[in-house]
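Just so it is clear, A, B, C and D label the chains in written order, and each chain counts residues from 1 on its own.
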């Protein structure tokens, strides 16, 4: 499992989400409260959008709490749209290329979850990546493979449907060749304009997902865990949902991958 | 705080102490049970004695649990005398030079504890390092400074007295310029022949220290926490003790630094 | 391109090959003389055989010349059979999983060379890896893929034929989908008993390969470049050769992959 | 020795200085042409000024050419005032805390040069650091010590005089306790408004220093080596000079530390 946080709104310093809140993402890297692994210290990453279409990307293998570069970057860089992730490996190596977010062109993607028995069907998952996207396969994680598969399924045209198809394909593999729990996915991704998130599981244990609009900031945080323990107004996204965040607007629709309809 | 483990006896693979036991040092790096910080992931290190007088030294900044080099090294290298340490920083940076063990010539040293307010009197602590030893000051930790100070006080001639004088000097600084708790020290060190350990605090909270002889291995483990949770025969070293381990023999004598007798 | 060195014989400290000679491998990491890239600083690695069947493996992403762990390890560990590699990336990332040597079970492998246009047919190369070996695919290099392919072709049964078939498959891919030069391979590998090496290219530019028996050491060094600039008695292995080193014996036979006979 | 580059003017992407020019700083990291060490791969760093008084700081231990974080950061971040440095160690460890630039409050500093025999009088150099600045002493380099000494000498009040006094103190130490060449200093530093640089040596071998105004960019580059090999209009700063760059203006005055006037 992992923890992540994203933001969309008026430009703020990245530290306002990543390290300054009482239960910030950095705090969650050694003391997460709503997942099985309180320690998420197998690397971290941030992706932020600025003047250019492609996001900036900074990822490293140290725990997020001890990296002075992360501290300085998040205190210096402001962005209207960014993501941050702290990783707890479910098996693959601690290397930069296995750290989230992943980025291809203007798209960035991060994930918290697992696919049952992935080690046993990694190769089959990689087959789902479209040829022209395979050069972007840098690491070995299920998360990066899911992202590349979803890109190939048409993330740019219909984000919800493309992610659902990709998730279905992975779930079909997990069902036929893997192990339970077959799929648990709580992910966020962006093209630099909208922020998308999904929460889904093949059982009833989808990783948590919350969001909250702040009038003070003029922006919305979308997170694994509320960033302040004493704020009661965080909204929980129900399992089986797909979210589109654009400006102040939030759209939540059902997210129901259909593994039976794809070939495993 | 930190956790450490040392071994003296018939040559064994380092993994037999560091990663294979049920509550091994690697396990303690993310789930220590007898200290305030269950997570000890700000770097790690090992020092082992082989054919040469000087120990081998391997230290890195990742959590011990995720380093494949550590896994391979400890599965390949055997030693009759070695130390291993997982670090939880009390303030200084996560860098290799701040990782334990430290080594100078044939001596190695590792430490678990803290000196109150050290940040405010680091410079004064460094003044206590003898000129000819100052080139070995590579990092910024209190632990390395204590080791170098103790070397200068005559660690080679009278280990117990030298460490007591060094500790007293540090305690005097903490009392006059630092903050409570003034001193908590549980350390181990070696010249490649004997293994030494001390447990001491200016309050009653000295970090834990245990040891156990194994007939199976023909050797003794000296550790922060017992390596198996179901072994009842680990012996706890009382606070205020200095230990000498040599072959099967153990000598435990009082360790009473006298900060009033040294100039702060 | 890269540089590497291997040793077989009476146990010696690794530093006797890696860092102490006048033109040691570490020296070659910033001043190689017989290849296009004098700087080989995109990571390094060592594999050494000790008491166990599986080799120890230490790899990191810094230049070999600046790593204190490497310095200490090579000064402490002795081995009768070991390999060391300094890397100059031909495109893939500088990460531990892309550093040589690679190891699977008791086998280790390292490589110096290139496959033309590999970026464009990496996926096809990975298809050549046998299913049961795919979990060992950790990085993205052509070298690791070649090794895993060769293992699947029967490296344990007939090392020369297996490597030739794997090389032929890669050459066929480079010819049909890549770019010239199609193949340049100078590699070494071992099962912990014998040391094997091959030198081959589809043009006339195979990377250099030398060896020399030392009566002083009672062992043989097999290297990319002679370890001393003033020793005239290094023997150059001609292009198109496969070598088996066992004890004092050397067997050199033709190495002629047949890309026309494999399906691309 | 090392190589560095700085920029002051209209905001540009950092990559426009650091990696895009034909003889960019990244190019110089493996192929510098106007210094003794063509390879400058012992870590790197950047400091850039944005909205806040304190600069952002990113430093790491890999060669600059192979770091994807650096590539992404410099392609995403724009700044009106920034510095970048590639390091060739003259003895101290390759660690982040030994990488330039160094930053204290709003000040940043980077250096290319050496102090003869520094290893032998590091401790005396550290004594020159004012007590209140000593907590900023994180690494072991002469460069960081010079910066902290200069800050204590009044860098904020009179940059030229303060740097001259600090340099004189270091030169006095090198003369009395070190080795020739006593001092070679080509450094740059900034408070976020002006950019300062100095070129000085106790012999006639001060590291090179050039600058050039670009009408296209509306800014000035100040560098160790011209960023394009075919641009003839780079201006060389003579040895013994102190430069102030502010907007389009350049002020060059003599820089003449007086080691005879300070107590060694």
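Quick note on the criterion: contacts are C-beta pairs under 8 Å (C-beta built on N, C-alpha and C of every residue); 3 or more make two chains touch, one makes a residue touch a chain.
From a predicted model like this one, the values you see are computed outputs, not experimental measurements.
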* Once you count every C-beta pair in contact for both, which comes out on top, A-C or A-D? -> A-D
* For the copies subunit B and subunit D, give the interface type as same if over half of its residue numbers appear on both sides, and as different if under half do. => same
* What rotation angle superposes the Cα atoms of subunit C onto subunit D, in degrees to the nearest 5? -> 180
* Asked: How many angstrom between the C-alpha centroids of subunit D and subunit A?
  -> 39
* Which residues of subunit D are in contact with two or more other chains? -> 68, 93, 96
* Asked: Any idea which subunit A residues touch subunit C in the complex?
  -> 93, 95-97, 119, 122-123, 126, 131, 134-135, 137-138, 140
* **Parts of subunit D lying in touch with subunit A, wherever the complex brings them together** => 48, 50-52, 54-60, 68-69, 72-73, 75-78, 96
* **Interface residues, subunit C side, partner subunit D - complex** => 30, 39, 41-42, 61-63, 66-68, 89, 93-94
